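Read from first to last, the chains carry the letters A, B and C; within each, the first residue is number 1.
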């Protein structure tokens, strides 16, 4: 556990994740509409995913579910009838949620509707206007500069009408109703790291967990950003008390080191577990304190809910130039990075699943381990001392106040080593679980 | 707020402070007597200052108000009748609170009564003997070495008789009886940084506040050091509960960086506010933990009172060689430094005045800012993100547990930015004040 | 107190400690038996030591007192009748607690019973088998390699039979029943740093304390490791509440810097006092957090007892190559180191003895020190300021919440200076002890 898997090990699981991403990449998603629905249907081939449709106009907390947006085609044609900007070529070319438009405009009239990135002249920016009616096109700055003074035919063949907001929910019941919430946004069109990376890692994590014994129940949410979590929270407020731990997955396909952003509480078990897993694994990583800017953790961690939800990323959003541009494509994301992100999620789940509190049955003095075959009897010569030490740490700190994760942190040993020690001590009758646990 | 005013900006207010200091400099002050009274009368031309006279012999806490000291003249004449040490030339020449004396002495007899600073041979030291009857003269070491063996005529034409201890009090009532206490000592004769600097900054701070709306009431004390604060505390013990914040101003005219010495509590709001203002302003500064050595904060922070009173200085006393010598004169203190010290005090008051606790009306999820015109609508392009972030921080942390200053610290943003965000959110009906506030 | 004694100062007390160690070195000790008993009898010549005999088979916590082991002779003879391994030459040659054996064996048959240290080919390792019946010999690797293929006569003339476990207890009653526990293990044969160093320092510490006034009662335990502390705890459980502070002394004769391992509580007064003494003395030192691996602090700090017992060492066990080998002999331990270790123990006791909580009689404002002759009246010119400051610190923090040690730490002054200040203030009637103290 202390050594990250080698590049070769990671490739195999990573390839399956990457393949799913490649399949989903061309779909034009938004916070509502056919592309979002189609994406969720494809995920449902891999995991037991239930699609929910929430009608436009539904009040959700301080918000209202918006009209549904669907787009068939969009272009800007020059006077020769040639498509100089073409939605069919790249769905980022359209300002996401553009109202329908058909018009003939001069370049001067068109310009206020064009978005470019002068500092990255070959990339198409990603822009949206969900809540302010607007239309527009995004294009590379190079292409923009080459537009001649001309009369242009503009067409956005879209609809913005009452319909529904769609989200997917995969619930895996466990031994208890206590829940782990895994959330990712699924509203971005052809963008890979933000956030198909989260989508495919969450999907494969759910696949793994579906086949595993589970102490906790697991709830995976595939939702449009902001309005999706607001909607889900509004509809499920009565059940939020079940959430013991939560994680937003986003931007975890790039090759950068991991970044864990803590929950608003800052000292939740998920915060402690993520810090432990990343540190003990030896992976380079950073910890961010909670801030109210970011992804759906903003909603989960709003003060009225204050759920123990953190956020796992690699390079934080906005800190890589490809963010929200056409350069966040299949070449930016790496199969190895996806596979390793899944591995971290699995290690984290392992900690959550097995983190308990025990009571030492013989708290006065050390119990005689030799008599019970627990002395120097595990593993190779070099491991023996570590396992011995783990037994002593678990005995010394199993006083009702410390979890196994607390003990692992205090001992500076991997959680897995402490967990094995606790299991062996419990088998030998030296530990018991407290009444209430 | 993040950038300190330029040297030119500071000069204007600084000149007025400096002029007042120059006016007060020649007066021979002590812990009682005519010089102290005259100084307070001159301050009363600028601010509504009430003079209090406390009779000699009045018991105050563990102390007793001493006899009043007044001095008219003092000199040492050589056998030719020439004044070789002359109080008329510099009032530091006399040991402050010297008992009256008239005598003819040999140099050998005179020597035990002479004080010099061999390490700064051209400076006159400042010495006092308030509570042990004594007389003496202070002179430069150079002058001392030049004294020939001669018979000297010594005269200290002073009186030490029952009278009163005088102090000045300027009370500016605010919306509430909760008070901010500003204290400075005013007992030093011709010394500028210690402590005419505190006297003139406090006076001008009171002038500014007299014309401003005030949530808090403000009480300015101009008192003789130690015995003055002891006396005031003794006479006002029943009202001390009103003091919410306090500040001793001293040694703030030299060009050194600011030093804030925390209150005994260490985590009082004044401590937090001073740290915030100095850090956010970008001014170089240092923080000192409380220690029981220093100025009148010793009395305010004695364990039986333990008031939330800090101390704002520039170079701490004893850390500049001019301290308590004739070199602490008008050339040592700078108008710009005085002006900037006043500016810091005003910024600090601004934080205290506006630091409140709000409750987010919509604590579940983020309220929709766009609908209320709060999204990306403030300031220039570069400021917009900061103001946006400030809105989110205020919403996220306005849970009743955090003040605006707490939020500013947590967000790493200037208090002023957080305050504006809170005001805009309150105007939009998103925040309210808790019942009790 | 701020300057460690010079090498010459330390030698005198160190020589007496070293001489006692040299006397005890040749004795073959174990966790029971004649060598242990003989060692304790010799210590009883120096201090009032009571020997306790606990019969084999006595249940003690989760353990049972083992049979008593005694050894008269042991050897391996080659076919020419020559002793190639000889217990008479070095008692480490026998696996401690070996069962009796008499046999003729080939080299191949003998080998599994031989222990060497290939990485230190000239040293004899120290091995034990207290709770698994076994026999064996320890020898240098060089000697082992030189053993020819031969038939060997093996003899361990030992007995392992019902008897008793012996330990020594020296109790020095003080003004109160509140106790300081000093514990060292005394079960190692010819090994000096581990742990004759602890034995001789504890003995001399007891000698010093026997002649001194004592606020606390002191209990010195000279016990076999692990089973000894388990036994003592089992037999004295009802009285453990008296233990206010405790210290395990071990490995304090080598020339390395001090290491203080904190109690499981981590913030016990003994932890604070040890940190203070080592820091203020200027001695190089390190602090270790508690871990459940080490000496008898493992038992005292087991969660059911959780006594405030730390451990004072120099180089931690296992971090010097001589540890548990014949190289841990009289040449490895230094008289100066022993003497300085005793000095640290005495300084630590001094802090514990005089650490109290006072209440300032005049908590409102500073009391007038000058009137009481407490102003500038102590020590030389350079010390005066420190003593003055100490008076002010004690007055300011004697609010019932701070001990003198807390005040010393907060003031950054040596405990001794704070203690003197408190005594002078108490004499002047300015401090009193709280009711309950």
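The working rule: a residue touches a chain if its C-beta (ideal position, glycine included) is under 8 Å from a C-beta of that chain, and two chains touch if they have at least 3 such contacts.
As the structure is a computational prediction, the values presented were derived from the model and not from experiment.
Between subunit A and subunit B, two chains of identical sequence, the interface residue sets overlap only in part, with shared numbers making up under half of the total. The copies subunit B and subunit C differ by a rotation of 120 degrees on their C-alpha atoms, rounded to the nearest 5. If you average the Cα atoms of subunit A and of subunit B, the two centres end up 55 Å apart. With touch defined as above, subunit C holds no residue shared between interfaces to two or more other chains.
On the side of subunit A, the complex with subunit B involves touching residues 61-63, 131-132, 226, 229-230, 233-234, 237, 264, 291-293, 298-299, 301-305. Residues 360, 362-368, 370-371, 389, 392-393, 395-399, 411 of subunit C are the ones touching subunit B in the complex.
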